[in-house]
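Chains: A, B, C and D, in written order; residue numbering restarts at 1 for each.
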Amino acid sequence: MAKPLLEVAILGGSGYTGSELLRLLLSHPHVKVTAVTSERSSGTPVADLFLHLRNTDLRFEPLDLRALAKKADLFFLCLPHKTSQETAAFLFNAGKKIIDLSADYRIKDPKVYREWYNTPHLFHSLLKKAVYGLPEVYREQIRKASIIANPGCYPMSAILGLAPIIRKNFVDPNTIIIDSKSGTSGAGRSPSQPFMFCEVNESVKAYAVTSHRHTPEIEQELRSISRKKVNIVFTPHLMPMDRGILSTIYIRTSKKIDLQKVQNLYQDFYRDKPFVRVLGNGIYPATKAVKGSNFCDISVFLNKRSSQGQTLIIVSAIDNLLKGASGTAVQNMNIMYGFDETAGLLNAPHFP
Amino acid sequence: MAKPLLEVAILGGSGYTGSELLRLLLSHPHVKVTAVTSERSSGTPVADLFLHLRNTDLRFEPLDLRALAKKADLFFLCLPHKTSQETAAFLFNAGKKIIDLSADYRIKDPKVYREWYNTPHLFHSLLKKAVYGLPEVYREQIRKASIIANPGCYPMSAILGLAPIIRKNFVDPNTIIIDSKSGTSGAGRSPSQPFMFCEVNESVKAYAVTSHRHTPEIEQELRSISRKKVNIVFTPHLMPMDRGILSTIYIRTSKKIDLQKVQNLYQDFYRDKPFVRVLGNGIYPATKAVKGSNFCDISVFLNKRSSQGQTLIIVSAIDNLLKGASGTAVQNMNIMYGFDETAGLLNAPHFP
Amino acid sequence: MAKPLLEVAILGGSGYTGSELLRLLLSHPHVKVTAVTSERSSGTPVADLFLHLRNTDLRFEPLDLRALAKKADLFFLCLPHKTSQETAAFLFNAGKKIIDLSADYRIKDPKVYREWYNTPHLFHSLLKKAVYGLPEVYREQIRKASIIANPGCYPMSAILGLAPIIRKNFVDPNTIIIDSKSGTSGAGRSPSQPFMFCEVNESVKAYAVTSHRHTPEIEQELRSISRKKVNIVFTPHLMPMDRGILSTIYIRTSKKIDLQKVQNLYQDFYRDKPFVRVLGNGIYPATKAVKGSNFCDISVFLNKRSSQGQTLIIVSAIDNLLKGASGTAVQNMNIMYGFDETAGLLNAPHFP
Amino acid sequence: MAKPLLEVAILGGSGYTGSELLRLLLSHPHVKVTAVTSERSSGTPVADLFLHLRNTDLRFEPLDLRALAKKADLFFLCLPHKTSQETAAFLFNAGKKIIDLSADYRIKDPKVYREWYNTPHLFHSLLKKAVYGLPEVYREQIRKASIIANPGCYPMSAILGLAPIIRKNFVDPNTIIIDSKSGTSGAGRSPSQPFMFCEVNESVKAYAVTSHRHTPEIEQELRSISRKKVNIVFTPHLMPMDRGILSTIYIRTSKKIDLQKVQNLYQDFYRDKPFVRVLGNGIYPATKAVKGSNFCDISVFLNKRSSQGQTLIIVSAIDNLLKGASGTAVQNMNIMYGFDETAGLLNAPHFP
């Protein structure tokens, strides 16, 4: 432990993603959090806004980039999109490393970004340098990256569910349907009527059908992994719970296949990936089993009833704030800086 | 109101479905409940087992069919499958009418029944007489029926979502995927670890993937309505809420279609069906909006991104204990006896 | 039914209390709702804001008192305090009857009102005419009233729990502790961070300890009923559920008493009060058993362990939006207009 | 880290308390879990019963005391009462140390034990040796103990709330009322209708009023700390949430007191107690802020309205499975073995 601690800062720390990141980094063995910002809560002790975080004397400070640039080597950006674009560029030019939890550096094609986010991308060369922070697929590129585009929560659950088979010829990449169920923390902490307790409790509904911004992100990565044209149907749902995404993924096979072989493919693909657990035959992933952890649980099923080919059903479960956001951000940091990939991420979650 | 009240009995009244039926029938304008049975709670006042039902002096009695047959003209059966088979046959032979909420008379083909329910069907001629109690499709047959097979909860949400288009040539009936999310009351009131509060709360999971018993029921009815071969993929999920089923249904189109025309088809199909509400463009069904009511809310969406044709996405929401069980049972009774189809079923549900 | 329907209007109908009132009144046999207002949603169909209320063509309209005064005979006010004060005065002068669900006409002493609500009361003579709308105590006065101050939700649960014994000499009115647990709907529908799903879910906390505005209301009524000086300790708590208030009430006895006699007192007091159920020995009130109903369930217990006298423990359960607000408002209307006291209020609530 | 790890075993590991203990011990820096028992699940891998616990190869084994005694030095007993009595005696005679999470060694007076637990205590001399495992009060005795009676969950929340003032003359120990609200995990994992999801969800109720077994435990400890006669009124409530106990405690003062001075007393009492946080003026404890942690949050309020003296209101919040059971058990172990008192217990809980 003679090595000096890595100094990190969190920009935008008053939301659920920021506070989860802070929770992880405060107990990380190789890191020291030197700053955390919040425009609205500037000056307030972190422990006042988040009663569960008492082991810190940090106070929120304003987003003064010049001052902040002197305080840390690595910056986690939990800022709104567009703001993140500019902030990342400033910090990169100041020689800093960046893990951006917004969507700003995820979409490689600026035209697609503009179409879905209603704002132009102004930093094309930096966009090209950004590595999509999916450690289970891009570990080597992450190791050398200066700027990481941390994946969205739905894309994480969908891509991990499909990565092991999307390259294979026995599946038809144009039949993918992703039906995702998410807890409410994904919507953030800002007051809004649809996310009030009495509106969410005891209800489930679909939203943003055919129009959710994570659609092009999922398609881009599935195309990149498979080197095929991929079009998906993606339907997110809002659930009456705090955390968790369960994605039920459907894909048609182009010929008869054997379930056991597919399960073996998954086991092989994730053998040396410490945070993906391929569950045994007939065991169902549940969001509660991964709540509070960085794990992704996956099971694969085969429906043979269809008369036109068969359908693979893949179910994946993650905690949207951990594997779906802040946990993967820490995992990416671990890889970038040569720490153990699981450092600070292996505490078993509580149950119930 | 000079007409005498119809005398009805509920066999198997100590579960959630039975108590919901009792709640509806106790305030129904044309009905008198003369008996309600429960083996385990025989002798107990209903109000002791169900504190929310105080306006009744009924006591649970044992399932003594000879005695019961004298007490009512119409019998609602909320019994386990197999028991229901025999009980229905006895009552039918005694000249009674039956609404069976079990699965015993739903599956027309005894071989299919035996395959999925692990027991033979012993009353083939009565099975032929049974009418599938889906009022939005079989209203005329229900009017004349002596025995009604009341639909399952998942089939109700799935069939109502597909009935208006399944006959049409522009959809491919072999691409149907039904992804359903259900509250916990569907699992009944008997103690069981997976349905304990701490197991269900804050979690979502899939179960019975490719093997749920409602699969052949859905396929049978979709075939019957469409007069085509239909194979489905059906995935049920358990949700942390008491009531409600949201079904997200996917079906590929065989040619380019216009969403507005499809929505018009739904509007036309359900125009004179008092309990189905086709929601306007961009409004999302939510289980909370139908909780405690007999309504089914439906919205239709079109995904044009797929390169191979398009995908229709239909979302339907019901209360599993009402439109998915006891509410439809009362609606069927109303039709059988010439009451107003909505009698006793129009109280707006509370919110939140 | 030859009698013409009573025309009523709801002022402030876009919150939870207003929509609950609307739900009840739309299915009330003797009433026609002619107007419902909302400043923010003026022009919007009610069914668009509240998907569960489809059997109405009403649209929200602005609060134009001159126009509204021509539309109805009875006005329900679900307005913020202070606004309610003035609105009630205007309508009273126009010869209308008023049921005010705000706090403006509950506190008899204008000084106490000013102290707790931070605004003066400007209509002292109307304040004197207002009857506190607690039907179980003031039924005769309500019958003749022109303006009703509908009780607060916590006061309703507390006063019904204490009314049968507070006059008796065997209890000490200065030892009352009221520990109340409330669902979240009591906080209203306006967006606010502390009432977001992720803040309320999986948590319980006390709030407004020693300072809640319902304190003087409870004390005023307990004094009025007992004709003694009464000081209470009142602690409200926020619960992770939509509806329901459970109040656990403690009061010391000044001599040894017999629990059975106390239970008889409660039975006698509430014998002809259709909405209060005194539960049998050892049965515990639960908010779920009254959810969606206008009932108040009460049980009484006796703790004999204390060395200094004994302690009575009274537990009461109500639905805060029904018996705690809109249900009692309808009950008051029924009494004022000579309808059956239970008209429109006897539908059994659903369970679970 | 050259020191050998302490070998520990958990007897009765298939419930919520046992699995929580396992979770904590598996990541504890100074401990190795060598055995965990379960009669019902003997032979099953722990990871199959508890999907959230994957970083262990442990299997449940039967309760064979002779074999187990060779496997560990310290035994955690999560067994039913009576079984625990005998098991502890066997292990003590075998020279082992014991932390008993059942109630068997908590009640010092065997007559009181027999009265409340309906079974005699057969090991009086061992009972005398047992130390009540409340580290904030008995740290020195715990350090030297061979057998610890780990406190009950409700007593923990109540005693921590009262310990700083119960010795003081300005409070009246015969006016204590403890109104506690608990999550459902306290009821254990065995299937039981009252704890099914649909029964608990959306409801709150009191239970075991005047008769809960934690009553004599709380009184015994308050007497021991205060050296006065103490009689309490204790009312537990069941809440629709997994974890957490909030206790709202009322005690009358015998003279006028100053709130700030009382708060200072609390600050002083808990200054060197790492797991108790006395919150600042006007900050309310919430169970969510301590969920998943070993902290107890406490706030103190003063009601001056009473005409007969004043009432102190103390609110305490704990996680019933951590500070209320397994967390304190680990804390006791840390003290017994000279580890840092917070070892393995300082991970910040997640939020939301």
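What we mean here is this: a residue touches a chain if its C-beta (ideal position, glycine included) is under 8 Å from a C-beta of that chain, and two chains touch if they have at least 3 such contacts.
Given the structure is predicted, the values throughout are model-derived calculations rather than measurements.
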| item | value |
| --- | --- |
| Cα superposition of chain C on its sequence copy chain D - rotation in ° rounded to nearest 5 | 180 |
| Identity of the chain that, by mean CA position, is farthest from chain A | C |
| Chain centre separation (chain A, chain B; CA means) in Å | 39 |
| CA centroid of chain A to CA centroid of chain D, Å | 37 |
| Shared-contact residues (touching 2 or more other chains) in chain C | 16, 185, 198-199, 201-202, 240-243, 286, 288-289, 291, 352 |
| Of chain A, residues touching chain B in the complex | 174-175, 177, 179, 181, 198-199, 201-207, 209-210, 215, 229, 231-233, 235, 237, 239-244, 246, 248, 250, 284-289, 291, 301-308, 311, 313, 315, 317, 352 |
| Sites on chain B touched by chain C in the complex | 16, 19-20, 23, 26-27, 50-55, 185, 202, 242-243, 277, 283, 286, 288-293, 295, 297, 321, 346-352 |
| Chain B - residues contacting chain D, complex | 16, 184-185, 189-193, 195-202, 240-242 |
